[in-house]
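Take a look at the structure below.
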Amino acid sequence: MSSMWGKNIKLSIFGESHGKAIGVVIDGLPPGIELDIEYINKEMNRRAPGKNKISTSRKEGDKYEILSGYFNGKTTGTPLASVIYNTNQRSRDYEAVKSIMRPGHADYTGHIRYSGFNDYRGGGHFSGRLTAPLVFAGAIAKQILLNKNILIGSHIKSIGNIEDNSFNSINIDASLLRNLSRKEFSVIDDEKGREMKEYILKIKEEKDSVGGIIEAAIINLPLGLGSPFFDSVESKLSHIIFSIPAVKGVEFGEGFNITKMKGSQANDELYIKEGKVTAYSNNNGGILGGITNGMPIILKVAIKPTPSIGKLQRTVDIEKGIETEFEIKGRHDPCIVPRAVPVIEAAIAMALVDLIMEKGELI
Amino acid sequence: MSSMWGKNIKLSIFGESHGKAIGVVIDGLPPGIELDIEYINKEMNRRAPGKNKISTSRKEGDKYEILSGYFNGKTTGTPLASVIYNTNQRSRDYEAVKSIMRPGHADYTGHIRYSGFNDYRGGGHFSGRLTAPLVFAGAIAKQILLNKNILIGSHIKSIGNIEDNSFNSINIDASLLRNLSRKEFSVIDDEKGREMKEYILKIKEEKDSVGGIIEAAIINLPLGLGSPFFDSVESKLSHIIFSIPAVKGVEFGEGFNITKMKGSQANDELYIKEGKVTAYSNNNGGILGGITNGMPIILKVAIKPTPSIGKLQRTVDIEKGIETEFEIKGRHDPCIVPRAVPVIEAAIAMALVDLIMEKGELI
Amino acid sequence: MSSMWGKNIKLSIFGESHGKAIGVVIDGLPPGIELDIEYINKEMNRRAPGKNKISTSRKEGDKYEILSGYFNGKTTGTPLASVIYNTNQRSRDYEAVKSIMRPGHADYTGHIRYSGFNDYRGGGHFSGRLTAPLVFAGAIAKQILLNKNILIGSHIKSIGNIEDNSFNSINIDASLLRNLSRKEFSVIDDEKGREMKEYILKIKEEKDSVGGIIEAAIINLPLGLGSPFFDSVESKLSHIIFSIPAVKGVEFGEGFNITKMKGSQANDELYIKEGKVTAYSNNNGGILGGITNGMPIILKVAIKPTPSIGKLQRTVDIEKGIETEFEIKGRHDPCIVPRAVPVIEAAIAMALVDLIMEKGELI
Amino acid sequence: MSSMWGKNIKLSIFGESHGKAIGVVIDGLPPGIELDIEYINKEMNRRAPGKNKISTSRKEGDKYEILSGYFNGKTTGTPLASVIYNTNQRSRDYEAVKSIMRPGHADYTGHIRYSGFNDYRGGGHFSGRLTAPLVFAGAIAKQILLNKNILIGSHIKSIGNIEDNSFNSINIDASLLRNLSRKEFSVIDDEKGREMKEYILKIKEEKDSVGGIIEAAIINLPLGLGSPFFDSVESKLSHIIFSIPAVKGVEFGEGFNITKMKGSQANDELYIKEGKVTAYSNNNGGILGGITNGMPIILKVAIKPTPSIGKLQRTVDIEKGIETEFEIKGRHDPCIVPRAVPVIEAAIAMALVDLIMEKGELI
């Protein structure tokens, strides 16, 4: 089992990087949602490679085709399937090196997991390319959330050691989030963004790669989403976010930093604002006891450096049973973080729709 | 929905802090597992409060009674239910303050989530006390893992700013893990442990609290557990770990720190050791593509400061609809981290058993 | 896996016939449901043995204790656990015959399934006694449905070849259903009921047993429950009903009989009644395309004869590896059908609550 | 939610009768299964319409394309997606009559369930055409079972009142099952088959339709599959079988007939045959306590008459809010039973693979 997810709304993701097609089935969508195709395309484009120098020059051709569940411009409520046919595959590149396990990739674990029968070309089902159908599904989920005025926004909090500003965790303007989603390089402080891009280009020249941290915020969520224990908002969000390749850490609110605080600092003291209970701070990132408290949800996600690098690396040829050295050829992102931004948002959007449907809304 | 978990082995946790009883049903246990009751008791005791000055002086009486699924000293394979009756309840303490929302607690979110019908006494179903049945279940899961030579061990990596050593991520000795599980205060460097304890006592005198980080390691796991995407090992582990009250962050391997590395540093280069593929480093924490690679799994968990503090805090009385100030009375842990160690291990053990059963073993 | 069920509302059933206790955890109940304890007791009593001559004289002592999820007379919304301690066990009876497989029982299949580690006494986890917690849960589900004016009623359609009248499938009065639930022997035509009872007593004298058919009806269900394919109302209902020991068949509407009709007879032609779409007939039992159509749901359930009979039977002693003959001693129901009536209703009630919650109601 | 199914192996079915495509994603297939494409095509062909006079003359073009999860002739273990593009659609036929609810169909319930947004053309997602992807998936499941020597076979037990012989429930030859699967009209007694076909043609001339009963048998299943209560073999099988359009009843072994027996007749007495425990009869259809006992599984499925008939029917126009009369035009099966045979078998095959994987095999 692997590639199905969800309770109230469900995803089934399929495909391999160099197979015939990748795609997704979304089951449980409310009927009658008018799809803004242009918006979906924009989201797909945010993830797409080949847009600029800091991304891979590889073009993927993320043209999707909706096969079902969509009628007269609206969702039908039955499963919506969407397929992206693979083009521009260079399968032959992979044949020669199929037994050489790329460090930092799932080549070896995938080989073991699937007893050697998995499609090894370009990472197969493990490929970052499989996040395209997730972004497609997330774009629909985001529209559903937008219809309820719920916004997800995120920015590149850091690339290597270069840090962007943080969100103001108690007061996040919708216009800021909207603005971030329009940026090609999503940072709050564009000056820092320039520094980051320069750094990425420098790393690219070194044939190396670099990672970073994405900070996401969700505003206007209803109070009372989630449940204690196994359906905590943190559990649901971390589960789907850790499904995204290259994610190695997730924290909510002050996260690891909250461990350095005293309780008297960490506790978000409450007061009444315009008749509503709210807090002076948001160290808990909008979640207490696994349940939303009406403040913005704030979370950070650690993205590791792209494992594909042009530098010579020591590894193993499992067919020959020998140690070897290896340079990864081809076009690769020196930093996957910018393209991961819409993917993280898509994952968050899916989890939120599922949580909201749990409350019997959207149905 | 909230308190059921699992796919191949399932938990159903129930109870409120000051209700009649708390407990757990474990469904899907393999039949014929001989339970080491003494071991279960030791694990329960590791979590139990009232053992020393740095813990609450409250005694909880964690005597459990196995009601089913256990026959002639062995599991039957049918659901194993275990109940812990609540004693030593001081329910009256809570009546007077039931409308005062304690900052950092789930009082307000729980009130909203359950429309005011939840049992507010002592946190009700949100109480840390509900981790006792989880530790019970985890103790059984750990025995199942031990039968396959799989060990989970963990230590207090930090309290506030005081840091213990880290695990050596590529070579962790079973004796170290066993040793840690026997310590009343689980640290690698006991000198640092003494510092931590002193700091906790100082914080206690201030009527304040403090959090910390737990680092866990799993050794001797089979290769090839987990699946790409939604059943990644990180997804499964983070899901259940974020179910534990007070957890605000989870990271695997170098986690957030890996974002500061270059790909050439972060990638774990491979070589052959005694005929097996292994790596020179373990920055990915034993997981690639969501699948175990045979190296130790390393993860860190951020635990926030205990929200119950004796200091005066600003908050809200939701019945009266006014702002107020409030001092939490009673006996509370100034630092929950030491008692959280076996809880984190229990959660990990449950997830690992589930993942191993996915492979058709243990059945 | 075995004894957990449900999507929106979940059950976890545990216990063995002669272990310490049996019970159930219900997760996902809406908060604030006022429980009518007297009603629950009445339902438990409908299932209880030892009430009359046609039932076993064994007294089971079905006193339940609610351990959690219930506060100030109402559900809290957190898991509601209920335990029934076993008393009046005669475990020694079973020791001597534990290796003799009773025909028609799960002795042999259970032995294989659990590798010989299951509790064999009195059927263990397979015992009909495990339907007591299901009736408890169902009694709560029925109250939830009653709050929405949804009624479930059923009667003994046949015992052996003696047939009661059938429901009028297009027009079922609430008073009829209520009346049936109050009867000790639930039949529409009491004269037929007397015949059935006489027949059961005759069979009892023969040390034999007999089965029958239960017909159930549900009225006032909302239109549009259920989904095509795997969440069809028939799928959901049959799944939980076939979980009840001794059930060997389930049919909806005209069921197997509809195969003898022509389409022009079987199709329920539509018309408009008081502004609403309804049908002239209800051969489809209130379900089309897996979805409720607003007419009564009608279903029939086949219950096999009690496998425990006093007659000499040929069987196998698996320890000695020999064929043998065997008379089941002790007190047994010559016909389980009357006591199965509330069990079937409980199962239906659980499935309906789950289906209704899918629509976002009751939450 | 609707169209996803399974625990250990999962299906996601999508599509509408007159949309772009229908299809299925199968998640959790074991890697390395060599697919016999010819066998899949044969199974697809068994279900396909337009083969003879007793079937609709409509050609559906069930050419499937495997998009993923299949590499070098074998399953990869990652999700296998298969798509069937719709051709030969006459969408315009449906526009004119979209507000006229066809009796016996899901037109009205679907309209309500999806708030009028569902694709009404040709039944949309409710169409029997959606069983094509199920047969595709089932053909793979059957191959997996065949690799373990497990055979599923079935025949038309009755059409209207014309009855075929029954299986000999204690001794079913593999060659009989294989033979049935090769027949265009699957009956044991071909003479009865001729009668049935004549009857169907007669009914067709009347512009009417007729239903029937399918009897299925499974041989060589391992002992000990299934679990008490909610994962009983009956629960799992009935759940997926009742998902198939037109199914109104399911019974195991003697089913409804067992209610007419006495316990002494119904109980399957045990003896030892070639060192193995077996029974003199198989009234329980190979299942006791929800668990397989090693005998053939026998079950019967009631299929209602095709609701599409050429006769004039009374119904409702929901747009105009009036009663009306209506003749269904177009090409329809006068009896769907022969084409339902491979569909029932496919559903059974899926459930069995899921049950066997629960035991940790096939993985």
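Per-chain numbering from 1; labels A, B, C and D assigned in written order.
Note that in this section a contact is a pair of C-beta atoms (placed from the backbone, for glycine too) under 8 Å apart; a residue touches a chain by one contact, two chains touch by 3 or more.
Everything numeric here is computed off the predicted structure, so don't read it as measured data.
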{"item": "Interchain contact steps from subunit B to subunit C (minimum; 1 if touching)", "value": "1"}
{"item": "More contacts between chains, A-B or B-D", "value": "A-B"}
{"item": "Length of the line joining the C-alpha centres of subunit A and subunit D, rounded to whole Å", "value": "39"}
{"item": "Between subunit D and subunit B, distance of the C-alpha-averaged centres to the nearest whole Å", "value": "46"}
{"item": "CA centroid of subunit A to CA centroid of subunit B, Å", "value": "27"}
{"item": "Touching two or more other chains - residue numbers and ranges from subunit B", "value": "1-4, 7, 13, 78, 113, 125, 228, 358"}
{"item": "Chain-level touch network, classified as line, ring, star, complete or other", "value": "complete"}
{"item": "Subunit C residues touching subunit D - in the complex, by the definition given at the top", "value": "1-5, 7, 11, 13, 101, 103-106, 108-110, 112-113, 125-126, 130, 158, 160-161, 203, 206, 208-213, 223-224, 226-232, 234-236, 238-240, 242-243, 245, 247-256, 258-272, 277, 279-280, 284-285, 287-293, 300, 302-309, 311, 313-316, 318, 321-323, 358"}
{"item": "Residues of subunit B touching subunit C in the complex", "value": "1-4, 8, 10, 12-16, 19-23, 25, 27-28, 31-32, 65-72, 74-81, 83, 113-119, 124-125"}
{"item": "Residues on subunit A engaged by subunit C in the complex (per definition of touch)", "value": "7, 78, 228, 357-363"}
